[in-house]
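Order of writing sets the chain letters: A, B, C and D. Residues in each chain are counted from 1.
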Amino acid sequence: MISVGIVGGTGYTGVELLRLLVSHPEVELKLVTSRSEAGMPVADMFPNLRGFTDVCFSEPDVKTLGACDVVFFATPNGTAMKMVAELLAQGTRVIDLAADFRLKDSAEWEKWYGMKHACEDILAEAVYGLPEINRAAIRKAKVVANPGCYPTAVGLGFLPLIENGLIDDQHLIADAKSGVSGAGRGANVAALLCEASESFKPYAVEGHRHLPEIRQTLGVAAGHSVGLTFVPHLVPMIRGIEASLYAVLKKTDVDLHALYTERYKNEPFVDVLPKGVMPETRSVRGANFCRISVFQPQGSDVVVVASVIDNLVKGAAGQAIQNMNIMFQLEETAGLDRPALLP
Amino acid sequence: MISVGIVGGTGYTGVELLRLLVSHPEVELKLVTSRSEAGMPVADMFPNLRGFTDVCFSEPDVKTLGACDVVFFATPNGTAMKMVAELLAQGTRVIDLAADFRLKDSAEWEKWYGMKHACEDILAEAVYGLPEINRAAIRKAKVVANPGCYPTAVGLGFLPLIENGLIDDQHLIADAKSGVSGAGRGANVAALLCEASESFKPYAVEGHRHLPEIRQTLGVAAGHSVGLTFVPHLVPMIRGIEASLYAVLKKTDVDLHALYTERYKNEPFVDVLPKGVMPETRSVRGANFCRISVFQPQGSDVVVVASVIDNLVKGAAGQAIQNMNIMFQLEETAGLDRPALLP
Amino acid sequence: MISVGIVGGTGYTGVELLRLLVSHPEVELKLVTSRSEAGMPVADMFPNLRGFTDVCFSEPDVKTLGACDVVFFATPNGTAMKMVAELLAQGTRVIDLAADFRLKDSAEWEKWYGMKHACEDILAEAVYGLPEINRAAIRKAKVVANPGCYPTAVGLGFLPLIENGLIDDQHLIADAKSGVSGAGRGANVAALLCEASESFKPYAVEGHRHLPEIRQTLGVAAGHSVGLTFVPHLVPMIRGIEASLYAVLKKTDVDLHALYTERYKNEPFVDVLPKGVMPETRSVRGANFCRISVFQPQGSDVVVVASVIDNLVKGAAGQAIQNMNIMFQLEETAGLDRPALLP
Amino acid sequence: MISVGIVGGTGYTGVELLRLLVSHPEVELKLVTSRSEAGMPVADMFPNLRGFTDVCFSEPDVKTLGACDVVFFATPNGTAMKMVAELLAQGTRVIDLAADFRLKDSAEWEKWYGMKHACEDILAEAVYGLPEINRAAIRKAKVVANPGCYPTAVGLGFLPLIENGLIDDQHLIADAKSGVSGAGRGANVAALLCEASESFKPYAVEGHRHLPEIRQTLGVAAGHSVGLTFVPHLVPMIRGIEASLYAVLKKTDVDLHALYTERYKNEPFVDVLPKGVMPETRSVRGANFCRISVFQPQGSDVVVVASVIDNLVKGAAGQAIQNMNIMFQLEETAGLDRPALLP
């Protein structure tokens, strides 16, 4: 059994980690911290957990956390980087669901996140936790930077094209759409039901923090920097991301469906759909899958890829557990082997 | 391993049975029938099942079904009653998720369902599958009539009061609200997103088919017939039923919270909430629980009970599996031991 | 032209007043105050108003407000009562959409609203602005207390029965359901899309502030105090209230549909539906109507009334404008004569 | 007063025409036809219209229709083209909200719509009813082809760039998203609340009927044929279209915001938002506006345009009334001068 701690369990990634971990066959949940809610049973805040755990939120304490095999950070950006060194010193491995270790270039990180990085040395050895490109490194990682939700959907969608040099990678378009849970559980007017339901809008067109992260992933795959226009949109639903990706093909006679199928044939959580079938976000609601379709509409030289995930699962908590499974040599699908909730 | 067949797998109770059964540790899913979709992989219709089952819809055939240990009917009313005799003859047990065996009084059944009953003898020995009142009989049942969704929520909510004779049971009020999946997966205008979302309405005020079923359950518990006003409403959401129940107390000094807690203390799927906490349907989304609160607002002589279930789980497929577990001496919670999806 | 000022225009009742007033043929909108947003064009906060008004939020100033013919308060409870005296002194009439002048019994008010009333003398002469019972008094009122949303739906639903003494008025049941806009535009977690959508729940069962207001309205109509159980519920939609009302009839041979039709035949905004038709909230979305049905299910001695309004229109801003029209001898339907938005 | 007839009033564009026309100051609604519902009051089907019209659905009859000044067709494709000649012969003008007269190239039309065109001569003189490009011709038109919803949003978004030759018009990308009302009021499983809510998906990637229509509009503006990838998506909401448009700029130093502002400065229903402000569909819910933003993210050579409309208003019924106003020399905004419903 792996002993697990969670720092910051009151948000949506926190409760999703809890939902998945209480059913994980190899996990013992040791503690969940929350400064503001210390003492409250987690099941009082999240009634879906009634009967599944008696754990109460506790004050974060690095000693107690250090007694765990692995600690998940489901905290705001800038929290994990201040505690990781002490945890590593106690032999505890860390999976950060926030952004502290996602960008290898600390100057870039500081520009987008507006603060000084607290541990550049650890950043250097942290592994970007996208199993589909970094599985071997994740296995040995001390610190895993769990990818952002948009970067997971966009990255998995573009990778086969980029890796094979099939497209003009200086004018990539990623038109991405997310459910409102991506905005978190904080009290903010824009995420109220009365503001966000029955409406649809783009946001952050001038620059979203996931832009440099996607560029990094695709740049590594390409072997050079790529040009990307990334426009996120807010969808009136709770969970789900769909990314529609566009690029101009360098040649138009490649069997793209075969290419995608081959690329992901051994991936337990990437599902290339049959030709002509479009993905829908509900097909992954509550599940760790990414489902992908690839098209060349009307036989033109523009390729269209559609990629869907649940932003809280493959885009956050589920992928974090997938990373944990890899790090601890468990079955990679352990605790994640359930179908999505449909309808 | 229990071998299982499903008749009629293309509706919402069908796909929910499939979702739960493919993860059930003691079940081998043998076949799913659908006359209209024979030959199609079930995962083509329900993409959440991709990777979990290769079963294709097949033509219903009583011989093949009879090779299963148990057959679930997720069919329209009037289907199961025509096939059950042949299945029983082959030693197969049956759980009917439709209404064919729910009303003991066949005349009453014929009045509400508008057709002649096809097997009154089997009706006589069928067991009403509400484990919280009939567990022992379910264990030995050949045919289980899986309760309706409203009757489950309303029945569990009123039972402790009725069993203890605490209320005027001639003027019971059940104001119930259901998500749209209760209307099924058929193409009908009233269930379109554009008709049913962003709106709320009562329906079937003059008489809903679940009314006699609820009256039967409560009448058995009371030892005499009860008077019930039952008004269902349509809620703009997919899953969930909430029933607000009202009755006048005969005496106002009983500790109702203690009464409910005691009544359900050994029930794995009925959760009496702490004093002062209201249930919300999302706390049971995708899970087999019924969560209940009981109140005496302002200390008056009117008792208010609030009861929530997921209409597709404890109100249909989940309860059917709970019944199967009981019938086959499995752990009663097998395959049903996961938290609800929240948010 | 009537010159109009609004105090507190940043909430949902504020923007709804603005939406209706900018199209009102007899109104000149003079100013909208907001301490926090002073200087911002209202159309920057509410983009639906772009092109309809150039007004900017301004600091509240009693002199400027006093130059208006009428001032609407769309403020939190406790604000209007501190400013009304000065406005009346300048000859300005006041319509308060908050609760400051709704309860005639100031002790009761102080109990439910947790503060001392600031002007009991004005409270004594304020008129409760439900036109269907107080039209004549509203015409001459200096201060109108605009009714709460639930009290409007429940009051109009019960009135014909109460006024005619047809029911046991000591055990009235009002099971009411509201869209989330009733919770206001403040940043609070419970009203987030991810908390409130795809779920349904009762709340405030122990006592909601609208309870004494409804009791007051019904008590006046009955000529004595009534007994009422009032349970509000939260519906996953933006706008709309449906109230299902239950009572035991003293006699069961009255033609209730005829009674309701007669009671409301001259009311421009109360629509008694044809026999057998249920109301749905979308039929009044954005419109000032209350639509009502009355039933005696199965011919029993329990009467069921279903009443729907748009909580922001007939339950707030629309009714306030209806009151203004009456106060200033305008056509009562002026500015309110548009159909609901459906779908 | 203009006398108006509607052919086919039982769908969403039909009820939206009715909603807007019953409040139009210069319109007398003469008749609404529906073969299937003849005899039923329209307000029985659409309860928002109760109190606004007593019109009943009637059998379509070309003589009665020919007595109107103008007839709107809110029918399936292929209906109007069979009746228009007879109406024109009686001096009645026609506005077709379906697609029969949208494509000038009848061969192209027959390819996409799968039927033979019934009146190519009338097609030749029909005017494409996008006022922002064809106002003068609309004024004199006998037959107006009311544009599709996507073509309106995409066309208005791209026009300033195309007209000024600023972009590579061979690789245009239009990623468009529509509420479910775009699918109509027919009973189909894909539009059920339980299928379409809480999910997001692309559809018709291989080719949507609006593709040739958009290409036609943009091609005329460009003076040559353009290359366009058009991917529509389904949003879990009732009303609204957002189109995010992408193209590579030929030069990056043009003030695009000024260009758009200038292009649409005299257009009553096109609103170019202030710099940095994103449009949201709710800002046009129920209203005839198109709101547009233009961006050059990070100063790159890719331009991003976001354009929103209400698909039932500026994308259908509202634009049809705008066309009627132009045809009959009425104030262009008559009957359309109300703010959107927000929230």
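Convention: contacts are C-beta pairs under 8 Å (C-beta built on N, C-alpha and C of every residue); 3 or more make two chains touch, one makes a residue touch a chain.
Treat the numbers as computed from the prediction; the structure is a model and nothing was measured.
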Selected pair, greater C-beta contact count between A-D and B-D: A-D
Among the chains, which has its CA centre at the largest distance from subunit D's? B
When centres are defined as mean Cα positions, the distance from subunit C to subunit D in whole Å is 36
Inter-centroid spacing, subunit D versus subunit B (mean Cα positions, whole Å): 45
Cα centroid separation, subunit A vs subunit D, in Å, comes to 39
Subunit D: positions in contact with at least two other chains: 12, 181, 194-195, 197-198, 236-239, 279-280, 282, 285, 343
Complex contact set, residues of subunit C against subunit B: 171, 173, 175, 177, 179, 194-195, 197-203, 205-207, 227, 229-231, 233, 235-240, 242, 244, 246, 248, 276, 278-282, 285, 293, 295, 297-298, 300, 302, 304, 306, 308, 343
Residues of subunit A touching subunit B in their complex? 12, 15, 19, 22-23, 46-52, 181, 185, 198, 238-239, 271, 273, 277, 279-280, 282-287, 289, 291, 337-343
Could you list, by residue number, the parts of subunit B that touch subunit D in their complex? 12, 180-181, 185-189, 191-198, 236-238
